[in-house]
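One structure, pasted below without further comment.
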Amino acid sequence: MIPANPEWLPAGSAGLVALSLGVAVLATAWPRQAHRIGLLGALAVTAWVLGLSATFLHAGPDPETAATRVALGGWEAPLGLMLQLDGLSMTLLVLTAVVALATSLYSLGYVHDRIERRQFWPLWLWLWAGLNMLFLSGDAFNLYITLEVVSLSAVALVAFTGTAAAVSGAVRYLLVNILGSLSFLMGVVLLFGEHGVLDLVLLEARTEAGPTERMAAVLMTAGLMLKAALFPLHVWLAPAHGSAPAPVSAVLSGLVVTGSFYLILRLWMGVFAPLATPAFGILVGLLGVGALIWGSLQALRAGRLKSIVAYSTVAQFGYLLVAFPLMLVDPGAWRVVVFFAVVHALAKASVFLAAGTLQHAAGHDRLAELGAVLRARPRTVFALGLAGVSLMGLPFTGGFIAKYLLLEAGLGTVLAGSLIGVLWVLAIAGGGLLAAAYVLRMVAPAFHRGRRDAGEAVSPWMDWVPLALATVAALAGLAGVLTLNTLALTPGAP
Amino acid sequence: MNALLVLFDLVLLAGIVGVAWRCLASTDLFRAVVLFITFGLLLALAWVRLEAPDIALAEAAIGAGITGALLLVTLERLRSIMAERRSGRPHSPPPDPTGPHALLRALHDPLPEHRTFLPALSFALVVGGLLVTALWHQPQSVGLEPVVDAHMDVSGVDHPITAVLLNFRAYDTFLELAIVLIALLGAWSLGRHDLIPARPAPGPILPGTLRLLVPVAVVTGVYVLWAGSHAPGGAFQAGAILGAAGILLVLARPRQLPMAPAGPLRLGISAGVALFLLVGLYGLAAGHGFLGYAEAWAYPLIILIEVAATLSIALTLVALFVAGRPAGDDT
Amino acid sequence: MSGAALLAVPLVPLLLAVFIGLRPGRARLNRLVPWAALPGLALAALAPPGLEATLSGLLMGTHLAVDPTGRAFLGLTAGLWLAAGLFALSDRRDDPRRHRFYVFWLLALAGNLGLILAQDAIAFYLFFSLMSLSAYGLVIHSGKPEAWRAGRVYLILAVLGEVLLFAGLVLAVHAAGQSSLAAVAAARPEGWALVLLVLGLGIKAGMLPLHFWLPLAHPAAPVPASAVLSGAMIKAGLLGWMRLLPIDAAGHAVLGEALVLLGLAAAFLGVLVGVLQVRPKTLLAYSSISQMGLMTTGIGLALLLPEARGWLLAAVTLYAVHHGLAKGALFLTAGMQRQWPVTRPARTAFALFTLLPALALAGLPFTSGALAKNALKEPLAAEALSGWLAHTEWLLTLAAAGTTVLLLRFLWRWRADLETAADGLDRPRWWAWGGLSLMALLLPLATLLAGPTALPLSVHDLYGSSLLWPVMLGLGLALLAWRGVRDRETPRVPEGDLAVLAEAAWDGARRTRRRLALPGPWPPRIPARMRALRLGARRRLEAAERMLTRWETIGLLFSAAMLGLYLTLLAG
Amino acid sequence: MNGLAETVAHTLAPGLLYPTGGAILFALGLYGLIRRHHLVLRILALNIMGSGVFMVLLGVAARGEGPPDPVAQALTLTGIVVAVSATAFALALVVHLTRLTGHAVMLPGPPDDDAPVEDISREEHHADGGPAESSAGEDRSA
Amino acid sequence: MDGGWLLLAILFSSLGPGIAIFFLPEHRQGLRTALNLGGAGTKLALVGVLLAGVLRGDEYHFSLPLMPGIDLVLAADALSLLFASLSAVLWFVTTVYAIGYLEGSPRRSRFFGFFSLCVSATVGIALSGNLITFLIFYEILTLATWPLVVHRGTPAALRAGRLYLGYTLTSGLVLFTAIVWLTLLAGAEGFTPGGYLEGLAETHAVTLQVLFVLLMVGFGVKAALVPLHSWLPIAMVAPAPVSALLHAVAVVKAGAFGIIRVVNDVYGAELAIELGLTAGLLVIAAVTIIYGSIQALRTDDLKQRLAFSTVSQVSYIILGVALAGPLGVIGGLVHLVHQGITKITLFFCAGNFAETLGIHRISELDGVGRRMPLTMLAFTAGALGMIGLPPLAGFVTKWHLGLGALEAGMPWILGVLVLSSLLNAAYFLPPVIRGWLGERREPWHEPLQAHAGPTRFETHWMLLFPVVFTAALGLLVGLYAGLGLSPLGWVSLIVQRDYALPEFGL
């Protein structure tokens, strides 16, 4: 084994960007081999990310030595663009790699039409590259661009099935995304006008609570809320995620939305940190409670499997919002939030993949008529259930650890004397019940007595990948300490 | 302070806002699109006033030109789809009971006008007001002009905007190229391209004009590209001009779209990003950082990238205009 | 070794019960049933004094022993069961369910023998319960509705007795700090413990007012079962009292007085209600209540007169043995109605065997009854009891008159259904019956010859005027009644007196409960309205989400979110 | 008086005038976005919003005495290209949607429980038509 | 990590086969049976080894960091071994029974997979070394049991499953919150005999009281304390082995065990009494005992009656623990074992009746003793044991509870016991009487024979053996309660250590 060397981190980060872009470009230029390129690329990028994370962890435990800023083209900020690798981005990169690898493998089975394959893979690889770049970006305007890369490729993938529902969902998704991006961009412009720099670190050093910052914060946060489908701006999510192809839904719900949330978090931990007020925390927290309730109720109402899963994303993101007021009391809670997002992404992706398998087998995903297929495909149902358990936040899964830490933070707020903390605690604890209710809705038909019909044959990839990913989601509970330690390597963060 | 200039500014702004207002308020789509194109041209004027000739050029070529063309062709397509539906041609797909028609049955009435009017207006006013407040409180920041200026000599080009675009913030530009490409990939993934709506057989005027215009456009495009290194202009503007020429060509021969060979077309549209990436990788390997150049090689590399980018942009814009992938792409 | 010998007494019948239960078809096993009591009898006869064993691993520590009282009870019990078993063997010959009868028989036997040997609370309770519950199988054996009813009453009272006894034992053991019976008694149970013990054991002993299972169970059970039930099993309660009540030098005036009162009341009420009955076995049951009343009085006296407690306890034991044998014989008599012989000598024997136990019960001189009654009354002469208690002796004597009337009534009703044996005499039954009857004469002899030291009786205790006049009085009364009162086929007081009241109360309660209509254990089904509500909620949710999905709403919400965020940031 | 004139002069400087105009355009776009239903008009509204952003950016860049900030101009250029790409893609989607539904307005609501979603991983699609089943092929031959 | 491998091995001896079984095709019956019995046997053997080790005085400990400052801890003390050996033994028996019971029925791989998972969770609960570990396994148990409850897939089963999940998950959340709160206050301590909260008693008395209530609500649902018991009688629609698991081996026991842990090893008896917590618990337990019995009396469905009886009986355990004195705790702890053995016998019997003769109601039991004497004998043993008649296991419990109540100076508890015994007798004696003494007129309907052919014994031997075994066990643990290795002996050892008593016992 070659000992990991912290010196490699800058080249490693830039190399990751280059590698993922290279794979995407190659697949674009040579669509006939796109799936092979994609598979090899997925393996390569995943390996690269894992190697990078090992190196990164090795460079710890001092956040300053581990966190790396890379000047692209050799131009330091404020002139040039900086890539920024720290504990936060590293964690999300690893998450992206895991989910994306699973999705890639799944897609090998799911998208098997020769012609569709050529269209699917380049877009998918661009999406992945966009996500990698988003997490690495350290420049406000560059964030806008990477967000656009992500949203355009995501929209294209949503419309991929070409049905009316899908295209309609895609149009709404696109318009929402553009609106969000423009709002974000307006915020960037305001900040640039005020401070004359775009680099996040430099901006952070210069911001104080003023009208520009406030307006910029509002614009950027609202835009990102729209993109992250945070309640009550979530309405585009279910149509888009519900009608996209399964692997795309998995990535959208698991990663793309998380990416937007990541940005919100990053901004509020850095640039906008001086602006935060208790009222702001309470508003966001209330929105989170609303999201939990509304998303869950809609998931309980929805009649289609993938809609249920999509609404569950809305609900689960409520937790992330609820965490905001907790972060105001205990700044260290942000790590919990990220861990929750990671665990949720893993679980949600596997649920979507499992739903895709079922949908493929049955030819539709109307829950009421899915019983026979559910009964005949215990493996997929098991994956669905296992990931569902993680969503509920029950042991032994990653969801449990995340819920534990959230609850700990919430109770900490209460113990610190915050009355409204009780509401957060209730929401955090009660959300699991609602989650249980809708997970049960999905899984229970498998246990009904009745006809069994395996439906259309599915490829082994579609059979096993959801289970594997669900297992990863479940076992993420064991990675709690590791993740939190990685996150601790974020300089400047509490 | 020049009162005349101020007056000009005010009038221009009033015009821009007025045109935008009329555009959004118009009930006729065609009228709206035409107003939007006007809006783009007025904007170009404003950019000139703001000492941004590059942007003005780009706005005119891309914002007004290409976008206008795209909008117009879209209107044309929509109109033909509607007409086709109304005429109920036998080969139009039968209504699918579970499909779009079921959705359409449930199609909601938009909210009554009076119920969105007040909230929308007040929200727009408040948001605008807040924005203005924020802007008015901003200090006169220097921006990055001095920094850019200080680094111009090592940038390899003479034009600061090109230096920023292709050297200091080459990553952004690279991604911008990628976005154009992704938009095309998205459009292609929707299906094969269809015909541009049938038109009466073009008379002699259009081909004749084209015969004159296309060479001029190509020359202009190449010039704008070349000029980019030291004066307003550059790959995007050039690509837009070339793309416009391509669009004109397409328009002139609606029934026989050039059957672009799939492989080369793919190579062509991805040439810009591919080359850019290769150069970037070279920089990474050579120790200048990803997307970095050795100072001595900066100029030729930038020109190389610009050429490839221009080509790709032009091709991509034409392909976007055509919309839908060429049949050759599926074989 | 001693442990094995002691354990063998309950274990032999227990094992036999298991074998018969597992192999109901084996007729050969059935023949062993009566002899299962033999180890008990042997132990009673041959056990060296002070035989005891402690088995610590068993049941939190088990202590078994044969003490003098226990020996007497063991002898009575084993002997009675043996005789009744022989009787049963032939009585049940044609019963298709006889193996079931035998299983319960043997289980009850094991319990009955075991509880006599048990010297610690837990073992005592174990065997006591075993006996009580197994006897249920004997009571309902016939399967007739009457038997089921009797069984129900019996079982309810038995279980009640069990739990009362359990609670009493727990209290007493807690007070004593250890579970040996001797220690418990030495610790003088008080208060609740005492009440619970008296009641718990009193139910078994037919104590007033918890006696009413007896007149129901006895007529319903098969004859041999009634015999052991009345002869042996109800004595278990008595034995329990003798073991557990604070009969020591201090005595216990309150309890003693209460017991005397209850005992005397039972003695007379038993007779009063009994003579109004019509069925022979019911009559005998009431007689048992009456007689048990006398023994209860004896216990009460022992509590009142601590100095005489040794004598009195021995006398009660003697009375118990006497009553057990005589009543057993009488019950067998009831089962001999179809055995009226043809030949004269046999008829003589039949008459002798019939009359002997009856006369013994009435206390005719030179019978076991005479000895027992005299022994019981002996200390009363010497001691002065105050208040109404001073009349105790007289009342005890008078009770014999009642017994006489009752037994005459029994013989009269019994004779009415006498039938000639159709297919010859049934020898085993005769042997068993005759043997038991003769014990009425043999017992006094045995007592006088090898009596316990606590009870130094002499021959002149076998007669006395106090024995005769009540019998004469009884004869006179009976004659009067026979002449003057027209008999009826249904009893004037229903069988099981208080049980009828209790049943009526229970029925009333049930009706009331039904009227109150408490909800069943299932939670009520979700009514259709809930379902409609759910569907409605679902529709409304969908409509709301559609509303939110409208682009106008998105835009407005987006603007509102911006505004809200701005305001909260400003509110800081 | 002097102060007022100064304020007016300050206000009317392009560095403040144009950003204000941009803000107005942004708000106007937002208003149009909410109020108009036709998708093409919505796309126009978004473009107008975008133009507002660019106007703010360029206006801010033109503040001060020296030459305008080239970085801001470069950003604007990039933004314009991104906007046109997104617009082109959006228009393609709108056309596709109209072809499928006959309407260029957004379809309502959450994914309908009674509207099945086709599954692209199944074999039923025509090998030549791609996922979108349309009348395009017939048009060409006509 | 001293000897931690043994704990892990015990955990994985059922988990491993369970996971393997999940992926086994339905028709691999032989292999599945081998895995099942192999796992059960291995676990039994390993628990035996552990038992010997703990008796020798060895320490077993395993920990794995979960979150900063919070570990997953497995440890073996006498109390955990009590529960572990109970579940190991009963699991073995239940496995045999389940194999026989489900012979020929569909979806057995799923069933046995979750079955093994269930037992792994139970053993995990037993071996948990702190509250968080406990919670983890507790919730796994909840989830693993649900598929078993709904296994039949009928609407009734699904309804039961919904109700079960509703109750248990809600309580799980309450528990979760309470545990997080407690951990925030007192840190992630391991279970300590005598508790670890004394330090907080001064400053946080009210908080501790609130937390105790929350914890009791959390555990009380599984332990079926009134008014949180409703799920249990409805869950009896599950197949008999599942009922056995629910009522005897795992679920209900887990709740009771949790309460024991909290009272004894988290709060400690002294603190619990000082804060007035045990009194409330006592009242609840007493109410539950009586209420369960009354409800049991009101139903004719055999399994439902047994279920209500569980509601009542499990509270004996709680009652004992709440008495918080040595004798009471002995009674409670020993009932953990005794109730398990006895109730499993009863459910097995009910299953046998249902499976062999299609009998579900008590009114149909007439004369079943002649057709199935051994099963009926076992049922009788179980029923009498439940009533608390010597020498059966139940008596030992009741005896100690009674003494414990007096020791704690609460004679009214004795009244509760008496009343409960009466009610027990009232609902358990009728089926016994019907079975032995009732008369059946028409011929038996024989569903088992119809699908499995004639059997040598009164029913399939795999159904018969467990019944006889557990019945015998119930008799033996009562009869030989005085021996050192009997449950009573073991429990006395635990209490002796916990209360640091030199020597006592009756």
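As written, the chains take the letters A, B, C, D and E, and residue 1 is the first residue of each chain.
Assume a residue touches a chain if its C-beta (ideal position, glycine included) is under 8 Å from a C-beta of that chain, and two chains touch if they have at least 3 such contacts.
Everything quoted here is computed from the prediction, not taken from an experiment.
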Any chain that touches subunit D and subunit A: B, C
Most distant chain from subunit C, judged by the mean position of its C-alpha atoms: B
Chains linked by the largest number of contacting C-beta pairs: B-D
Geometric centre: closest chain by C-alpha means: E
Distance between chain centroids, defined by C-alpha means - subunit A, subunit C (Å): 78
Centre distance in Å when subunit B and subunit D are each reduced to the mean of their C-alpha atoms: 11
Distance from subunit E to subunit C - Cα centre to Cα centre, in angstrom: 37
Rounded Å distance between subunit B and subunit E, as computed from the means of their C-alpha atoms: 72
Of all residues in subunit B, the ones touching two or more other chains: 99-100, 103, 108, 110, 116, 120, 123-124, 127, 130-131, 135, 138, 141-144, 148, 168-169, 172, 176, 179, 182-183, 186, 189-191, 325, 330
Residues of subunit A engaged with two or more neighbouring chains: 115, 119, 141, 145, 148, 152, 155-156, 159-160, 162-165, 167-168, 172, 175, 179, 186, 190, 192-193, 196, 214-215, 218, 235, 238-239, 298
Interchain pairs in contact, sorted by label: A-B, A-C, A-D, A-E, B-C, B-D, C-D, C-E
Subunit B residues touching subunit D - in the complex, by the definition given at the top: 1, 5-6, 9-10, 13, 16-17, 20-21, 23-25, 29, 32-33, 36, 39, 43, 46-47, 49-52, 54-55, 58-59, 62-63, 66-67, 70-71, 74-75, 77-78, 81-82, 84-85, 89, 91-93, 98-100, 102-104, 106-108, 110, 113, 116-117, 120-121, 123-125, 127-128, 131-132, 135-136, 138, 140-146, 148, 160-161, 163-165, 168-169, 172-173, 176, 179-180, 182-184, 186-187, 189-195, 234, 236, 317, 320-321, 323-325, 330
Residues of subunit B touching subunit A in the complex: 99-100, 103, 130-131, 133-135, 137-139, 141-144, 147-148, 151, 167-172, 174-176, 178-179, 181-183, 185-186, 188-191, 266-267, 269-270, 273-274, 277, 280-281, 283-284, 288-293, 325, 329-330
Of subunit A, residues touching subunit E in the complex: 378-379, 382, 389, 392, 394-396, 400-401, 403-405, 407-408, 411-412, 415, 425, 429-430, 432-433, 436, 440, 444, 447-450, 477-478, 480-481, 484
Residues of subunit C defined as touching subunit B within the complex: 546, 550, 552-553, 555-556, 559-560, 562-563, 566
Of subunit E, residues touching subunit A in the complex: 22-23, 64-68, 70, 109-110, 132, 135-137, 139-140, 142-143, 147, 150-154, 157-158, 161-162, 165, 169-170, 172-174, 176-177, 180-181, 183-184
